[in-house]
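The same chain A turns up in both complexes below, where it pairs with chain B and then with chain C.
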Partner chain A sequence: MKVHFKASYDDDIRLFEDRARLLKYAVLLGLMCALPFVVSDYLTGEITLVLIWCIAGMGLMILAGHTGQVSLGHAAFLAMGAFSNLWFMEQGIPFLLALPMAAIFTGVVGAIIALPILRLSGIYLAIATIALSIIVEDVAIIAEPYTGGVMGVFAPPIEIFGTMIDRYGTPKLFYFLCLVCTVLVTLAYANLLRSATGRSFLAVRDSEVSARALGVNVTRTKALAFGLSCAVTGLAGGLYAHFVQIVNYESFLILISITMVLQVVIGGLGSIHGAFFGAIVVGLLPQGIAIVRDFLQGTAGIDISAYPGLDTAVFAAIIIVFIVYEPQGLYGFYRKVKAQWELFPLARRDMFKRSKSYLKTERMR
Partner chain B sequence: MADVLQLLIGGIANGCIYGLVALGFVLIYKASEAVNFAQGDMLMLGAFLGITFINANGADLPFIIGLVAAALVLGAFSYALDRFVLRAIFGQPQFAMVILTIALGFILRFFAGTYFGYDPVSLETPFAGDVWRFAGISIAVVDVIIIFATCALTFSLWLFFGRTRLGMAMQASSQNQMAAYYMGIPVKRVNSIVWGLSGVVSAIAGVLFAAKGAIEPAVGLLFGIKAFAAAVIGGFGSLPGALMGGLLIGVVEQFAARYAPSGSAQIAPYALMLLVLILRPGGLFAQIAQKKV
Partner chain C sequence: MSLLSVTDLAIHFGGVKAVDGVSFDVEEGEVFTIVGPNGAGKSTIFNLISRFYQPTHGKILFAGEDITQTPAHHIAELGIARTFQNIELFDHSTVLQNLLVGGHTKRRASWVEDVLHLPRSRNNEREARRAVEEVIDFLDLAAYRDKMIAGLPYGVRKVVEIARALASDPKLILLDEPASGLSVEETADMAFWIEDMQKDLGLTVLMVEHDMSLVSAVSDRVLAVAEGKPLSMGTSAEVQSDPKVIEAYLGTAA
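Here is the complex of A and B:
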């Protein structure tokens, strides 16, 4: 295992630990850039969707993973971002402006909504956000001038400096658009975490009481985290609208909210990597199940397409396995394997043993 | 006037079912501080069990015996669920349980859909379609049965928690697991028992629900969330509060569907819940105080 000798305070908050780390990410980025020229256009589309889920997952990760506030209603903000982006574009605002405007709009609305809701904690917050998600579903039908009612809205084509980008016409360009957004959001997120604001998020997550004692304005911090989280989710929503081409109230059902939470949990709460791992699982699971189905039908003659909803059930089963055996998610698993590898053969079996914990009530009676 | 009374009674009967499911939530919350997001799906399972036992093309048992059988089977099922699945995350943060029960709900829905089919079915009862009329209003017999059953169940559960030794043990183990251990309470077994009890309550709610209208596997999720809203309005952890919250939601929903513009009936319960949460964060029968260090 490599030991980092820290010679200054800057070493603590450096974005990349060392050159090797930087090189690894550069190689990854290079691979991602080369990807659409290697795989088919269909797969490029699927990977684009994974990238959009990555952005949405990072949005939720800011809130759930780093500030410790669980929202089970983030599809509402996905919807807000999508509808506002399309509405801005219909008003003649170019895409390059409309997308950030949609993100800012969603973020501001989120922060305003957050102020009363964030007085709640834990389970109550989760329930309030579920209610929010359901209300937005119905509002999307009622607010017809902006959302097209039951019919929904078509996404107009994207034009950036004279280049037309279309999900079906030019899937490669759309892929690069999403990739650029993902990289920008990731860099911003990583930078946020090493700033004072990001550290105050962590302080609030670990203990509100001690954060307050250290001079963190807890209410302001939570509202800021909620706003930022909503803004990033709104950005993902705007891209998602262009990905699916037509959005209506059915695109953002409560199930999407729940899937988003399951995504960050399966990836690993409290790490940017987790959002990416989770997005890969959520985005590629239907493909994986389709491959297994074809395989089973071809070799064993078993027809599992006779069971509708199997993919959600498999997804749920994976979640259960993770919650029971690996609460740190895929990223936690990755870190364990990595540590075993680096220490080989010196790793001890109970190195990652969880300490016994007991639940204490929040009710004071 | 008769119109308003009619709506009120319909709302109360619906509200009783929300209240019963909310009772299931509150039972588990009171005893283990866990929130069971699969409660709506347990209602759905209970209803399907009732249909299997009672309907003519099923086991064709009398209504009461079928109800008891469904309650026993679902009770045993949820006891086993806690014993063999949920106990694995004993002592973990509350959020882990939320995720786990959401995932369990997905799986229950999948199995119910595969086994019972996705078409809506309803329960055949001896009193289906019977109506009492007086003073210009008509009351369905099934509504009366629902209201009485709910009141009786709530009252006996309330007595159980406040008066019996097991009920006290449940309250103690939720408030401080470690201290409860030291007092000699077998906390894990108590948790399993309360899950079983909650299964019994949701089976009864499910059978009553199926007697009133059709049931399908997908009904669980939204119904669960609505019952959730009921529990929150009442203040999580209070049994009479859960029933009150359920009644409130049932009545508000009926009146919103009748008098408010279309589309607002679906929103009304949640808007009511958000309002209560913002004005009185602990619910109407609050049990939560400011957290101290």
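Here is the complex of A and C:
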């Protein structure tokens, strides 16, 4: 097992623990840059979608994973980001401004909505956020001047310093646009986690009473977390609009909200890695199911395409398996395997046993 | 002037008079202990001082300032820190991260600076680390610095919670049953730490405790309460020999 010797306080503040880790992420980024030149344009498009899911997942992760507040309605903010980005562009604002403006708009709306909603907790919060998702579906139809009503809005082409970027015309450029956004959001997220603000999120998640006793304004912190979460999700929504090219009320059904929750749970709550692992699963599962379907039809002659909603069922099955067997998600699983490997043959069976915690009902007494 | 001054404090939950007319003054630099049977209202007094509960009646002054209307999240900034009877740590973080939250009131960088990791945010971090390192040194927690709370023994968690309170650089520290669940040796250590807080750090300590060996060892003054009402006040020996206190502990049926 690797031991880090720390020589100064900065060793704990640094983004990367050591050179090896920095190198690892540099190589990963290099590979991601080379990818569109290696794989087909179709696959590049699919991976672009995974990147957009990564951003959306990080958005929800800030709230659900690091602040401990569930939202089962985050597709609402995906929608807000998408529609506002397109609307800003229609007003003649260039994409490079319209995208951050859409993110900020969504973030501010999110923070305002958060104030009443986050007074609720647990199941009531879940219900309120579901309601949000449903309301936004309706608003997308009613607010026709902004959302194009039932028809929806077409995404205009993106122009950045004279270069036209189009998901079908120039899939590689669109991929790089999404990659840059993903990297920037990840860096900002990592910065947040190593700062006092990030720690106040964790504090609110793990114990609201001690957070308050230590001077954390819990209401403000929750609203900030909700706002930041919505801003990042809105950014993903803006990119998503350009990915699918046309968005209407059907683009952001509640199923998308649920999928986002599944993503962060499957990936592993409470880590940036989790958002990425989850995005890979969520983004590529439909492909996986298609492959299995073709395989079954080809070899066994079974036609499972006759059963609509199968991917939803598979999602549901996966989430149950994770909650029962691996509540820390794929990232938790990865860390366990890694630790076993490094400690071999010294790993103990109950090394990762969950410790029993006390019931939280009698906390203040 | 007393550091903390509680006058005729009362809180009623429906029909339950959890605290009912309690007054006491805590002088700067003393260790003041509240004792009493279970359900006497001791933790509730702490929750009132922390401003988690709004008193039905009465007044709380800290360093001459009326804090009866102050929001709970401003209490730490004024210089009051606390621990909880059932440890309330941030379980999924390391000891270091827990203590760093203790330095929350000292931060100056805004969230925007934090997200962009601007110089002020970085300096905040360095400054917070330096302060926390002093506390780690003081309470001898170096061995646990990077350990997750969830895996720590109970006794260590109790000390970490005190460390986190100290990290906020308080004038007054409220300890709710610091020795409950500790072994005899750990309780003896706790007595030394409380003395060190008083003598070396110049802290004022307000404590709730059942273990009379610890109470007698460190307390300058003791207040006994029962059923929300004050019973007796004086040195540890005086309070323990007060017939009213003995009766409260044995029950009125005796």
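Basically, the second predicted complex is superposed on the first by the 355 of 365 C-alpha atoms of A that agree within 3 Å, B and C clash if a C-alpha of one lies under 4 Å from a C-alpha of the other, contacts with A are read in each partner's own complex, and residues count from 1 in each chain.
Heads up, the rule we're going with is that a residue touches a chain if its C-beta (ideal position, glycine included) is under 8 Å from a C-beta of that chain, and two chains touch if they have at least 3 such contacts.
Just so you know, these numbers come straight off a predicted model, no measurement behind them.
Enquirer: Could you say whether A:309 touches chain B, chain C, both of them, or neither, answering first, second, both or neither?
Expert: first
Enquirer: On the A-aligned overlay, A:10 touches which partner chain: chain B = first, chain C = second, or both, or neither?
Expert: second
Enquirer: Between chain B (first) and chain C (second), which, if any, makes contact with A:323: first, second, both or neither?
Expert: Only chain B; A:323 stays clear of chain C.
Enquirer: Quick one: classify A:209 as touching chain B (first), chain C (second), both or neither.
Expert: Touch partners of A:209: chain B and chain C.
Enquirer: Would you check which partner chain A:172 touches, where first means chain B only, second means chain C only, and both and neither mean what they say?
Expert: Neither partner.
Enquirer: Between chain B (first) and chain C (second), which does A:335 come into contact with in this model arrangement: first, second, both, or neither?
Expert: Neither partner.
Enquirer: On chain A, which partner's contacts cover more residues, chain B's or chain C's?
Expert: Of chain B and chain C, the partner in contact with more residues of chain A is B.
Enquirer: Would you sort A:134 into first (chain B), second (chain C), both or neither based on which partner it touches?
Expert: Only chain B is touched by A:134; chain C is not.
Enquirer: What residues on chain A does chain C touch that chain B touches too?
Expert: In chain A, residues 209, 357-358, 362-365 are touched by chain B and also by chain C.
Enquirer: In the complex formed with chain A, which residues of chain B make contact?
Expert: Against chain A, chain B makes touches at 32-33, 35, 85, 88-89, 91-96, 98-100, 102-107, 109-111, 113-114, 118, 174-178, 181, 221-222, 225, 228-229, 232, 236-237, 263-264, 266-267, 270-271, 273-274, 277-278, 281, 287-293.
Enquirer: Quick one: in the complex, what on chain A touches chain B?
Expert: It is residues 70, 116-117, 119-124, 126-128, 130-132, 134-135, 138-139, 141-142, 208-209, 254-255, 258, 261-262, 265, 307-310, 312-313, 315-317, 319-320, 323-324, 327, 356-365 of chain A that touch chain B.
Enquirer: Taking the complex as given, what residues does chain C use to touch chain A?
Expert: 43, 47, 50, 52, 71-77, 81-82, 84-86, 88-93, 96-97, 100-105, 107, 109, 111, 114-117, 121-122, 124-126, 128-130, 133, 150-151, 164, 168
Enquirer: For the complex, give me every residue of chain A touching chain C.
Expert: Touching chain C from chain A are residues 9-10, 12-13, 188, 191-192, 194-200, 202-203, 205-207, 209-218, 224, 228, 270, 355, 357-358, 362-365.
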